[in-house]
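I have a structure I would like to understand better, so I am pasting it below and will then ask my questions one at a time.
In order of appearance the chains are A, B, C, D, E, F, G and H, and numbering begins at 1 in each one.
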Amino acid sequence: MKVYLSGEIHTDWRDQIVEDAAGLDVTFSAPVTDHDASDDCGVAIMGAEDSKFWHDHKGAKLNAIRTRKAITDADIVVVRFGEKYKQWNAAFDAGFAAALGKSLIVMHGAEHQHPLKEVDAAALAVVETPQQVVEILRYVRDGTLPA
Amino acid sequence: MKVYLSGEIHTDWRDQIVEDAAGLDVTFSAPVTDHDASDDCGVAIMGAEDSKFWHDHKGAKLNAIRTRKAITDADIVVVRFGEKYKQWNAAFDAGFAAALGKSLIVMHGAEHQHPLKEVDAAALAVVETPQQVVEILRYVRDGTLPA
Amino acid sequence: MKVYLSGEIHTDWRDQIVEDAAGLDVTFSAPVTDHDASDDCGVAIMGAEDSKFWHDHKGAKLNAIRTRKAITDADIVVVRFGEKYKQWNAAFDAGFAAALGKSLIVMHGAEHQHPLKEVDAAALAVVETPQQVVEILRYVRDGTLPA
Amino acid sequence: MKVYLSGEIHTDWRDQIVEDAAGLDVTFSAPVTDHDASDDCGVAIMGAEDSKFWHDHKGAKLNAIRTRKAITDADIVVVRFGEKYKQWNAAFDAGFAAALGKSLIVMHGAEHQHPLKEVDAAALAVVETPQQVVEILRYVRDGTLPA
Amino acid sequence: MKVYLSGEIHTDWRDQIVEDAAGLDVTFSAPVTDHDASDDCGVAIMGAEDSKFWHDHKGAKLNAIRTRKAITDADIVVVRFGEKYKQWNAAFDAGFAAALGKSLIVMHGAEHQHPLKEVDAAALAVVETPQQVVEILRYVRDGTLPA
Amino acid sequence: MKVYLSGEIHTDWRDQIVEDAAGLDVTFSAPVTDHDASDDCGVAIMGAEDSKFWHDHKGAKLNAIRTRKAITDADIVVVRFGEKYKQWNAAFDAGFAAALGKSLIVMHGAEHQHPLKEVDAAALAVVETPQQVVEILRYVRDGTLPA
Amino acid sequence: MKVYLSGEIHTDWRDQIVEDAAGLDVTFSAPVTDHDASDDCGVAIMGAEDSKFWHDHKGAKLNAIRTRKAITDADIVVVRFGEKYKQWNAAFDAGFAAALGKSLIVMHGAEHQHPLKEVDAAALAVVETPQQVVEILRYVRDGTLPA
Amino acid sequence: MKVYLSGEIHTDWRDQIVEDAAGLDVTFSAPVTDHDASDDCGVAIMGAEDSKFWHDHKGAKLNAIRTRKAITDADIVVVRFGEKYKQWNAAFDAGFAAALGKSLIVMHGAEHQHPLKEVDAAALAVVETPQQVVEILRYVRDGTLPA
């Protein structure tokens, strides 16, 4: 079972999931989570740009090579929305995954319930914690529920 | 040529586009832009819910019937990000459209350039004004540029 | 907007919907609702069978020509489960429609809620009456809610 | 060869198939067959619901994560209809599999022949026993018939 | 409803169908049925070939432009096998249509039942006469059976 | 590289290809080539039929489970037409493979050139001998030509 | 029948085809053939760029909105290679059309035969003149050959 | 991660990439780069042709068996345009890959920027050297940037 972990990159939620899922027959993938590398990869490899727009554009396209493959290969796409930032790329990934018919799990706090209602409506599960994600993966994979 | 106008519903940008495009052989579609109707349609038709989550859930799914058809039928999807709110549904629509191979035009102000870089990277055009959208539609349709 | 009305053929729910939806820009399709014709069409055209299995088989395949086209062409598939009979063809249509990414509306009484939970989970709306179906179609099409 | 075993979960037909197929190069998958876990998985992981509808809804969606992947990955989908219950989820799976072009094998007793005629018409084989399923798998895989 | 009439071109079966179907809301398409034009179209337009293989190749490819579009656009593909010739192009069309999920109606005499069993197995109806084809189209379209 | 060997089952052409291709990184699949088993598999497993049509029908559908998977999984489909019989199933397989975008290699003697022109026109190679098939596979796989 | 006329924009070959095809039931589409408009459309609408790369990039993407729709909607894609320039966009269009399964007609002079062999190999017709294109369209549409 | 290296075959750019990428979890594929074998493979295996067109045609189709599989299997398609020759097959591959939604990396010198603008506009990265390709693959795979 292949699971892509999309969205917020400033907390360690991916590590928690991977750790908790030890022993489960699941392969995880993720975007590049080094914020600076992710922002600057385009110009670092293909040359500097004067304009911030093209600087970002080159980087975002490089990251898309990774992201598109990961979503396309995944059985399940988990998208986490954190407390800060616009996170439009997370919602974009969710839409992309939904259009491909991937199973979508959305993770966010209660404070974001209303603005995420369209994203949640496309999901097969809406959760708040990494532990719940792992419980779902364990149930889906092995049929066992938390004690 | 079918064009879906997704995103921000608090200003009259759709009206401006439709008006400016008078005479062009283009058919526009849009989400329901009456905010209250959009929020409450689910419970209004299918019965009240105690929980805000399910209240919103029922509404978001009804709106998805309209949105999915409009995006699927469209040749071009225009997504506008305004100055306020989270607008995750706009980014979700953009991702959904991108995965279906639709031509994507993104409209937003310069202040949102960085957080929208992944969405912009999937677009065939990034603009700031409704007038630019119409100029693009006119060029794509008739081959004529603004004087 | 094309809507396929699948399922139960012993009450007049389809007539109610079509009548209530007068004036709406919606085209309805339906299976052959003449029970005897539906059961015997295969042998009536292609010759009698000794075995009930092949009698039914020939008929079911003829009906599939109509059904598959109707579902494939539809934007929305409404599936109604009535009070009697097994109605496995209704659930089959729902699964078929879901796999094609059609918007699914399921109609049934409260007494069938539990055994229909998997079908409901694939739907964008679950209702009890033909009037609700029309209210949904009107909202999705014109953005207007019942007074 | 990947085979998904859908449908009735109250008898040991899956075990019989798996046992009989020992030595065949076939991988089997199945839904969660623990009835209580299957019913309650949603609320067990994502929190209780007052309404039976949403209780079931959350569970059915979790189960869909497993089911959709299994059907999508399968070469062959076997759907068994037992003697009791509505079993609409089985018919839904059959429709879903048919729309994806999967090879469908339906298993049921003679008493259900007429109401299952549409499902049978979409199948490449209709059988009554687990032994016949294994004979088919052995023939399809190795070209050998029962003695 | 779009119907493509594939196969044998030496009898007037297509005319019989079109005539009998007068008044039905059905659009028919067919290959070029002028045998000489069909054989020589390639070299007539694109220049002579010394080799029979390339003479035929150029013609067959031109005809494929028409055939592929007709099959792709069709809801139903009727394939008739006559008494003479190899008619491998008819069987090829049947396979092509089947892979695209088109509804297949096969027409042939009893003498060809055994060698056509794989083609028949992919069909939703197997008939012997043009009249039966029209009866099917009328039933599928209007729900009425022959008196 | 996966190669499906379709068509004529009365000579040892498949064995010649497999033998000649020893050492090449290619996996071959084929239909059941035991003529009697292939004809009778349906009734042997699922019970006798009075009518030859249904006898053949049940068998042809079982064989389709194997054939469809093999063609769907294949990179290359080789279809051989022999000197005898109608071989409509071979042409059907060729059409099915073409519609799925598979690379098609057709093998037949010069005497069948004209009636196979439509099938040949869909092929990427037309050959006469098993040795040529292996030379093609070797070239496509390793880039080496026959000395 | 929808035909997209791709490639060389410096001679009047499109006009010749459209004129010759008068009376045929064919709808033609084409890229913007005003060279300056095509080159500068991006910056004319979305603002100037210092770098020639981004100047061209913005324009090429706008043109892609038109081109992708035209190819996607077309039944037949005609690609003409002229005597001058690199014309990589023409070959790109041919590849794009081929991958979508469109019927491809390639037009070029004998001097380009060798370097266009891969493109020609994907085509259903290879011609030298606009007249031949129209003769093909007339044959494919009406079954009539040039006198 | 599977990467197809398309285009120019007269310099050692593929070797440089493969060498630089040692240790990366990437599988490379390529066309047959022996120019003479690539030109003559068709006639070498399937017999001589008098006409240069059909000589080339047979070869181009054999090469297409390899090329189509490689592009279809690839996650990333790198297309290099060199300094000489028409290289229309490279642009064709780029269009083919783009239509399949593959991630496209284009490599060429500055002198070809303008005529390649449509190809570049479909790419997720445009580079000049093999080293940049490997830096991209390393970043996409491992998230590490060049020091």
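Worth pointing out:
Everything below uses one rule, namely that a contact is a pair of C-beta atoms (placed from the backbone, for glycine too) under 8 Å apart; a residue touches a chain by one contact, two chains touch by 3 or more.
Keep in mind that this is a model prediction, so the values were computed, not measured.
Shared contact partners of subunit A and subunit G, listed by label, are B, H.
More than half of the residue-numbered contact pairs at B-G reappear in one of the options A-B, C-D or A-H, namely A-H. Centroid distances built from C-alpha atoms place F farthest away from subunit B. Subunit B maps onto subunit G through a rotation of 90 degrees [Cα fit, steps of 5, range 0 to 180].
We define each chain's centre as the mean of its Cα atoms; on that basis subunit B and subunit H are separated by 37 Å. Averaged Cα coordinates give subunit A a centre that lies 31 Å from the centre of subunit D. Residue positions of subunit C touching 2 or more other chains, listed in rising order: 61, 64, 101, 126. Those residues of subunit B whose C-beta lies close enough to touch subunit G in the complex are 1, 75-76, 101, 103, 105, 124-127, 132, 135-136, 139-141, 143-146.
For subunit D in complex with subunit C, the residues that touch the partner chain are 52-53, 56-57, 59-61, 63-64, 67, 81, 85-100, 112-122, 126. Subunit G contributes residues 32-34, 37, 40-41, 44-46, 58, 61-62, 64-66, 68-69 to its touches with subunit B in the complex.
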